[in-house]
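Next come two complexes, and both contain subunit A; in the first it sits with subunit B, in the second with subunit C.
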Partner chain A sequence: MKKYLSFFRIRFSNGLQYRAAAWAGVSTQFVWGGMTLLLFRAFYQTGSQAFPMTFPELSSYIWLQQAFLALYMSWYFDNEIFDSIISGNVSYELCRPMDTYTMWFIKNMSVRLSRAVLRCMPILIVAAFLPEPYNISLPVSLSAGLLFLLSMTLGFMLLVAFSMLIYISAFYTLSPMGIRILTISVLEFFTGAIIPLPFFPESLQTLLYLLPFASIQNTPFQIYNGYMKGNEVSAAIMIQAVWLLVLLASGKLLMKQALRKAVVQGG
Partner chain B sequence: MKLYLKYASIILKSQMQYKTSFFMSVIGQFLVSFTVYLGLYFMFHRFHSVSGFTYSEVLLCFSAVLFSYSLAECFVRGFDVFSLIISNGEFDRIMVRPRNEIFQVLASRIEFSRLGRFLQAMAMFAYAIPVSGVVWTYDKILTLTFMLAGGFFVFSGLFILYAAICFFTLEGLEFMNIFTDGAREFGKYPFSIYGESVLKFLTYVIPMALFQYYPFLYLTGKSSRTLYMFLPLAGMLFLIPCLIFWRIGVRHYKSTGS
Partner chain C sequence: MIELRSICKTFKVARRNAGFHEAVKALFRREYTLIHALRDVSFTINEGEMVGYIGPNGAGKSSTIKIMSGILTPDSGECIINGRTPWKDRIAHVREIGVVFGQRSQLWWDVPVADSFELIKDIYKVDNASYKKNLSMLTELLDIGEIIRTPARQLSLGQRMRCEIAASLLHNPRILFLDEPTIGLDAVSKIAVRSFIRYINAERKTTVILTTHDMQDIEALTERILLIGRGRILLDGTLSELKRRNSRHKTLSVDFTGSIDRLENGMHLAKYLDGHAEIVVDTDILSVSDAIAHISGQAEISDLSVTGATAEEMVVSLYKEFEI
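Our next item is the complex of A and B:
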């Protein structure tokens, strides 16, 4: 355990070095969030009765999404891992007295986490002081706040576990580009990064909710803003936990299979 | 021009070496913008119209922006990855060749796989042009052509500006993405819906509304001012300050030494 923890610490502090990039990212995300809200404002003014969430709920959702973009961004993949699989350098990793799956998992987590830590505070603080209803409000209750943290952690691990499957697929395909861009578009769409999930047609809602993608960023953010209440919250967290276990188990299993069959190219 | 075609055919051949990967990328590009389209579709499924614009009108606007963006991204891609060209020293080689630098950067990268987005734009045009309710007289056709050309010029200008900034920072500025990726994402709706101040900014600072919003009003018959039809041509002038800035950058250029 200790070795994984120190590995995490090294990667994490490494990620904290990119401060200038973080500032550029913060300003970009701020404009992005603002434009998104203006867009939804136009729809709200046109037909407020068709709006599935209240506007303050939406504002909180959008700002959380921008602030924690680094945790849930679908397009980030660690090229080192892909390269090591394709070039065969992965064999060195396998020699280490560590579990490769866990190590890659931690590596991905730490990069995303360090980026999010650098970026989230400025966005959240500025967004909190925006005029209503465009600001981010506090979580609806203390328990919602705590459940949000729990659910955010689960969603974060779920996304990393999902991207692990993509890394593992590179053992079989050796050319991850295609599956990668496919994954990105599916993730963006079904996690609610393009439009929040409540804006999808009613008939799709149940299906969306049961897919693992809704459990990534939709669940924590909708707990925070009070869109999900009472029993819905516990049910959604249960779904998160189940999907996390399923993805972790299948990832580990596939990894084991892949390594048994893996052919290292070249010498 | 002949030389450019020569370059283009070489690049096309080299990208065709990895056929599966190439077509996967094209399909991927298509899918990425297709999900964006689906998002828009779902929004209109719920709301039917936004600020007085109907679904088919917005679709026309979206396809015009996507069309010009994907063309610019395909052919002016060299400027988009310019930070790479500087940091790996490729620009030093370009400087010593007896040809215009802009031409060489243009010809060094042509990203044909970006045509996936282009396909998406064409498909939306095919749907939106007949159903948008626009009566396609000659002036309307001309307006749309101006919009597409104007968009191509403004986006190219932005890519060049982005590259020129790299002369000073040596790396790409993520902030510029707001104007390129952001314009593609938010430009699917007419810019007026974002409010007065955004529209002003996009008219006078970065002239994107000149090829999108104003001619679009004329196109859909919401305004009958013929001046609006020619505004995209004014927007094209945006390329000039970008090129001047690029010149300043070239003069300022110091090799990274790698």
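Our next item is the complex of A and C:
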């Protein structure tokens, strides 16, 4: 375990050194969040009865999304991993007494976490002091807060497990670009990164919630703001856990198969 | 220690002719060719040996190294290293080997080399005491004490290669695979790397398997040579044996005043400048001393040296002999 920890440490501390990027990120996220809220305000002013989420719920959702963007952004992929697969440098990683899947998993987690740690606090603090109803409120209850943390962790790991499948596909496709772009579009849409999932048509809701994508950022944020209540919460967390297990297992299996077939070309 | 028996590996390669028409055709029907990278490769290497693994490009050297380091699974055959099959028991196997691929890097690009070393230490669970001992020995011998505080991306090739070699030895491996470790290095770095490899083989009894195209590496380092060509082991012997096989021809380099006009049977003029000549003597026909006597009868010799075939020439003649 220690080796994975130190692997995490080196990547994490490496991520912390990009302060300028962090400030740029914070201001972008802040402006983006503000613009989204203003846009929704225009809709809500025409008739707030027609919308599934209350405006305070929506504000909390948007600010959480902006603050933890680094954890849930679907377009981030570690190019080092793609490069190592395509160039064959992966052969060195295979010469290590480590599980390659776990190593890459940790690497992705550490990069995302280091970015999120630098960015989330300024956004959350400023957003908390905005005038109502544009501010982020506290979690609706202590238990909601704790469940939010659990669900956030599960969702985070779920996204990383999902991107692992994309990395593994590079073993087969030579150029991962196509799959990457396709994945990003699907994820952006179905995770609720563009429009929160409750705004989707009624008939699609059940399907959306059963797909793994809803379990990524939608579930934790909707627990936090109180949109999901009672049994809904435990059901959603169960779905998260099941998907996480499915994705982890299939990723490990595919990785094993890819490595058995892998041909490190050249030199 | 290391035992390979009838290892075979075949790759499938898509091939097509040049041109747009052919490219379109390949969309629908692809032609594959089978490349037999390794056919029936067998050899045994004992603990503490230093073996040079040579052969032309594409002969199967790297494939063999990859199989022995557990990266590549062969189609058939057996490979037992330290009692394990590398590709089946990869994680336990790689703990005991060190690998340097001359054309790739194992150091993390954007952190100081020392940080990479620390990480490798944790990956291999090297305890503090032996890590410190190893590190101080490696930094001193490879002269990288200052260098390891620089990020890997800012190192020159020679500096990086020395760090790569150090990185692959931090965990005291019993076997070291070096895949073209001196590729692209300048003379000074090459010599440093070679003397270091010799040192760890002698002192630590590390088994070293080295692939290279640089015959000076082979001459400086290894006693035993494995020659591979077109996927087959063609020759397994010592360098001196090889030299004896190829020692029929000697070259005399002569500086002289006067002129050399007549050559005996068995002498052949390779180069003739004013005052300098290189003469190849076939020792089956004429002894070296007779040849020298013959030359000194015609001209005043001011300097003379006799050389056998260089390793480089021997390998060329071997490649010719086996038609690879």
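Following the convention adopted for this analysis, the second predicted complex is superposed on the first by the 267 of 267 C-alpha atoms of A that agree within 3 Å, B and C clash if a C-alpha of one lies under 4 Å from a C-alpha of the other, contacts with A are read in each partner's own complex, and residues count from 1 in each chain.
Basically, contacts are C-beta pairs under 8 Å (C-beta built on N, C-alpha and C of every residue); 3 or more make two chains touch, one makes a residue touch a chain.
Keep in mind it's a predicted model, so treat the numbers as computed, not measured.
A.B. asks: Is A:I10 in contact with subunit B, with subunit C, with both, or with neither (first, second, both, neither)?
C.D. replies: The second partner, subunit C, only.
A.B. asks: After superposition on the shared chain, which partner residues are touched by A:P131: those of subunit B (first), subunit C (second), both, or neither?
C.D. replies: Neither subunit B nor subunit C is touched by A:P131.
A.B. asks: According to the stated criteria, A:M98 is in contact with first (subunit B), second (subunit C), both, or neither; which is it?
C.D. replies: The answer is second: A:M98 touches subunit C but not subunit B.
A.B. asks: Which partner, once the models are overlaid, touches more of subunit A's residues, subunit C or subunit B?
C.D. replies: Counted on subunit A, the partner with more touching residues turns out to be B.
A.B. asks: Looking at A:S175 after the superposition, I want to know if it touches subunit B, subunit C, both of them or none. Which is it: first, second, both, neither?
C.D. replies: Once the two structures are laid over each other on A, A:S175 reaches subunit B alone.
A.B. asks: Contacts for A:N89 in the overlay, against subunit B (first) and subunit C (second): which applies, first, second, both or neither?
C.D. replies: second
A.B. asks: After lining up the shared chain so the two structures overlap, which partner does A:G230 touch, if you call subunit B first and subunit C second: first, second, both or neither?
C.D. replies: neither
A.B. asks: State the interface residues of subunit B toward subunit A in the complex, per the touch definition above.
C.D. replies: Subunit B residues touching subunit A: 20-21, 24-25, 27-29, 31-32, 34-36, 38-39, 42-43, 45-51, 173-175, 177-178, 182, 186, 189, 193-195, 198.
A.B. asks: Write out the stretch or stretches of subunit A touching subunit B in their complex.
C.D. replies: Per the touch definition, subunit A meets subunit B at residues 21, 24-25, 27-28, 31-32, 35, 38-39, 41-43, 45-47, 50, 52, 175, 177-178, 181-182, 184-186, 188-189, 194-195, 199-201.
A.B. asks: Touching subunit A in the complex: which residues of subunit C?
C.D. replies: Per the stated touch rule, the residues are 11, 62, 66, 69-73, 90-92, 94-95, 97, 99, 101-106, 108-111, 115, 118-119, 122-125, 179-180.
A.B. asks: Which subunit A residues qualify as touching subunit C in the complex?
C.D. replies: Touching subunit C from subunit A are residues 2-3, 5-7, 10, 14, 80, 87-89, 91-92, 94-99, 260, 262-264, 266-267.
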